[in-house]
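Starting off with a structure, shown below.
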Amino acid sequence: MQARPYQVCRSCVMDTTDLQIQFDAVGVCDHCRVFQQKIQPSWVTDERGRQKLNAMVERIRAHGKGRDFDCIIGMSGGIDSSYLLHLAKTELNLRPLVFHVDAGWNSQEAVNNIERLIDQLGLDLYTDVIDWEEMKDLQLAFFKSGVPHIDTPQDHAFFATMYKFAEQHNVRSILTGANYSTECIRNPIEWMYYQSDLVQLQDIHRHFGTRPLVKFPTTSILRHKVYLPYMKRIEVVTPLNFLPYNKSEAMRLLADVYGWQPYPQKHFESRFTRFYEGYWLPQRFGYDVRRVQFSSLIMTGQMSRDDAIERLKTPPLDDLTIAQEKQFVASKLGITVGDLEGYFKLPKRSFRDFRSQENVYRIGAWLLKSLGLVRGGKR
Amino acid sequence: MAAQVARISQGWQALIGIVDYGLGNVQAIANIYARLGIPAMPVRDPSEIGTAHGLILPGVGSFDWAIRLLDASGMRSALEEAVQVRRRPVLGICVGFQMMARESQEGVLRGLGWLGGNVRRFEEVRSERRVQLPHMGWNDAMGTQPSALLDGLERPMRFYFLHSYYFVPDRAEEVLLSTDYFGPFCSAAVCGNVMGVQFHPEKSHHWGVGLLRNFAERVAC
Amino acid sequence: MLRPRISPCLLIHKGGLVKTVRFTHPKYVGDPINAVRIFNDKEVDEIIVLDIDATVAGRKPDYELIRRLAAECRMPLCYGGGVTSKNEFERIVSLGVEKVAVGSACVSDPDLISRAAAAVGAQSVVAVVDVRLHEKTGQYTVFTRNGLVDSGIAARDFAVRMRSLGAGELLVNSIDRDGTRQGYDMDLIADVRASVDCPITVLGGAGSLKDIGEMIARFGIIGVSAGSLFVFKGVYNAVLINYPKRAERESLISASL
């Protein structure tokens, strides 16, 4: 297949490292167009948004009457979930149970931030610790498979555990920090395939795992997009989409009020994700997720395109840090840096090389978009 | 310093050689230097001693055990040459520091004699109080003379100690740090290119990291 | 001025970190290296890691794990579990571990303490005193093999014996209070403290920083260790590594001393 000539969007900073990107006649990419045409028109953060949010909050409070908590909030220690916590308790007057999944890669800043927020907001925390031997084996299986989306085990475990808890304890509302403001442009699936695709996860495990997955929590797209919402009436709510959410203001507020410590880059609250997004993905595949993150901020007026271009000139992690992180990751996974470098040199594969439910996602997305229930999203 | 480091890195020589004769937390010291981006390597062979610009002599355990292991490593004479003849900076840690004295009450073997002084056991009673031994835990250290080795360290300086014996220098001028444990004792000493610390800088968080960095700066000059 | 030491104690079971209650019901709380890493960044005074399987399973110490812990640890490390010989003491110390703790072995072979002290120095030899209040005799008694075997020896006598044989430190661990968070066993500790002159570290029962403060107020220079307190948080016992910040520790110490 002929290589495309390099092109970068004139409006955001997505470029042809997204293999499926399309540009229109004026050089604006389809990510931007989808945002402008499909997402932006119905994304309301003014009074109307506030009203919708209030209605949701009332519902959540009603369901939670007489219980110790009225919703659960998935908390990674990152900016979005941290701000959500603050909002939920201080403005929305909800009584959340803070839910944290420990996959073994918590950074020190994340642990500190979670602790600070819990203490100062007077909230209860529940953690689920993923069995490390199974987690490690699954992560190594993903390395050995050669696919780009090696952070799937963490992501998958996070959601699966939350859904499982919600179902077991009959919790009707799960709040997450997902938001258009910093995530309206999504990662292309070539870069990060759907972490919830259980068929893919199991196939990769079948090929390269060395021990059975017994304790590792799993979920599937049909389970949490159909069964849980429609059968068990468990809904996932994204409050940050109904109010103006400005990332730097949120960070400032959290720092001032709680002494919250920022991370060098989005998602760096997990040491593995830092390694993955800061080194593995860009250097092995040429996929720099900062393009996606900065493009979202550009689209929502929180960053200038020039600023993004400038920042993209330097790699996310310098060589010394990369060497240290490789050492840390290898040591933690019980392999040598040499082994890790071996995985780095494997032939590059994609999600298509393994079994998947991609069809289900495609059909489902088409269906939901046709029904007007969902806008934009990953291609 | 950065330029010096860069020059040395290109020539793959280590700025700092950490003498690995079988005792002491060589890996912890190496890790600290790795994090600081300063080239430091464990040294296990006499030939490697010569290429290092500065040396660290770690040590834990008992005096005789350490001396015996150092002798058995075959590096002793190369060390003597580097330190006494070529005057390379050397930093002794804990028993590594004690080894640099003439002798110790803890053992029967002779020390390296690079520092003028002896090693004694803490008395059972000091300042009329019963002394709990070993001296174990975090204690303050006060500088008794200005030194680049202590640059930038947060005051009061604090380090981790774990020992029952301490160095007594012949001359007060050689005391760099003094620590109070039922009365003052010498917690660090310096004599020309020879330096020693009784505490464990590799286990003393940012104070220790700072001291190790300062030692590297000294070596690079 | 020498400070009291406040040390997290981590238990290792099947390669993973666990917390127990009265030495039973191990609950998985995560990966030891990650925990050490987080404690590093919190600049803790020192850390104790005990392999609770080794002796019972008749295994040797896990040297690979010890090597990794020692390399990762930026604070002083005391390691225990499955140590039965002087050679093992030497090997563990040479891997970069400051102190080695021994429990069951020094009941059956008390002289191990003096051999180890002669080899690695008393400062690196820690005698573990796992204690239950005996139902029948009402005496504080030493139990071995992870709390399963009644040694018949009174805690105080054992402490004195270990000290006289050359132990540099005693780790006094209340099995009855382990994981209960009801406070340290003051009587037990006072009894041992009065009978030996070496450093002691106490473990078992810490429920809050106040308990730690009480120990310091009562005994001055002492090692205060805790497991559950630094690993769990809140009513749901959420696993979240925590440790008081330097300012909190300073005020705790100055308020108590």
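So that you can tell them apart, the chains are marked A, B and C in the order they are listed, and the count of residues begins at 1 in each.
Methods note: contacts are C-beta pairs under 8 Å (C-beta built on N, C-alpha and C of every residue); 3 or more make two chains touch, one makes a residue touch a chain.
All values reported here derive from a predicted model rather than from experimental measurement.
Which word fits how the chains touch one another: line, ring, star, complete or other?
Basically all the chains touch each other, so complete.
Quick one: which pair of chains has the most contacts?
Going pair by pair, the biggest contact count turns up for B-C.
Using mean Cα positions, find the chain sitting nearest the overall protein centre.
Closest to the centre of all protein C-alpha atoms: chain C.
Hey, how far is the Cα centre of subunit A from the one of subunit B, in Å?
Centre-to-centre distance between subunit A and subunit B: 48 Å.
Between subunit A and subunit C, what distance separates the C-alpha centroids? Give it in angstrom.
40
Roughly how many whole angstrom separate the Cα centroids of subunit B and subunit C?
Here subunit B and subunit C have centroids separated by 28 Å.
Considering subunit C alone, which of its residues make contact with at least two other chains?
Residues 71 of subunit C each touch two or more of the other chains.
Would you tell me which residues of subunit A are touching subunit C in their complex?
These residues of subunit A touch subunit C: 97, 100, 102, 104-106, 108, 111, 114-115, 118, 124-127, 129, 131-133, 331-332.
Show me the residue ranges of subunit B that touch subunit C in the complex, using the header's touch definition.
Listed in rising order, the residues are 22-28, 31-32, 60-62, 65, 95, 106, 130, 132-140, 160-164, 180-181, 200, 202-203, 205-206.
Which positions of subunit B touch subunit A when the two form their complex?
34-35, 37
For subunit A, which residues are in contact with subunit B within the complex?
The contact residues of subunit A facing subunit B are 320, 323-324.
In the complex formed with subunit B, which residues of subunit C make contact?
Answer in residue numbers: 1-5, 43, 45-46, 67, 70-71, 73-76, 90, 93-94, 96, 98-99, 118-124, 168-169, 197-199, 221, 223.
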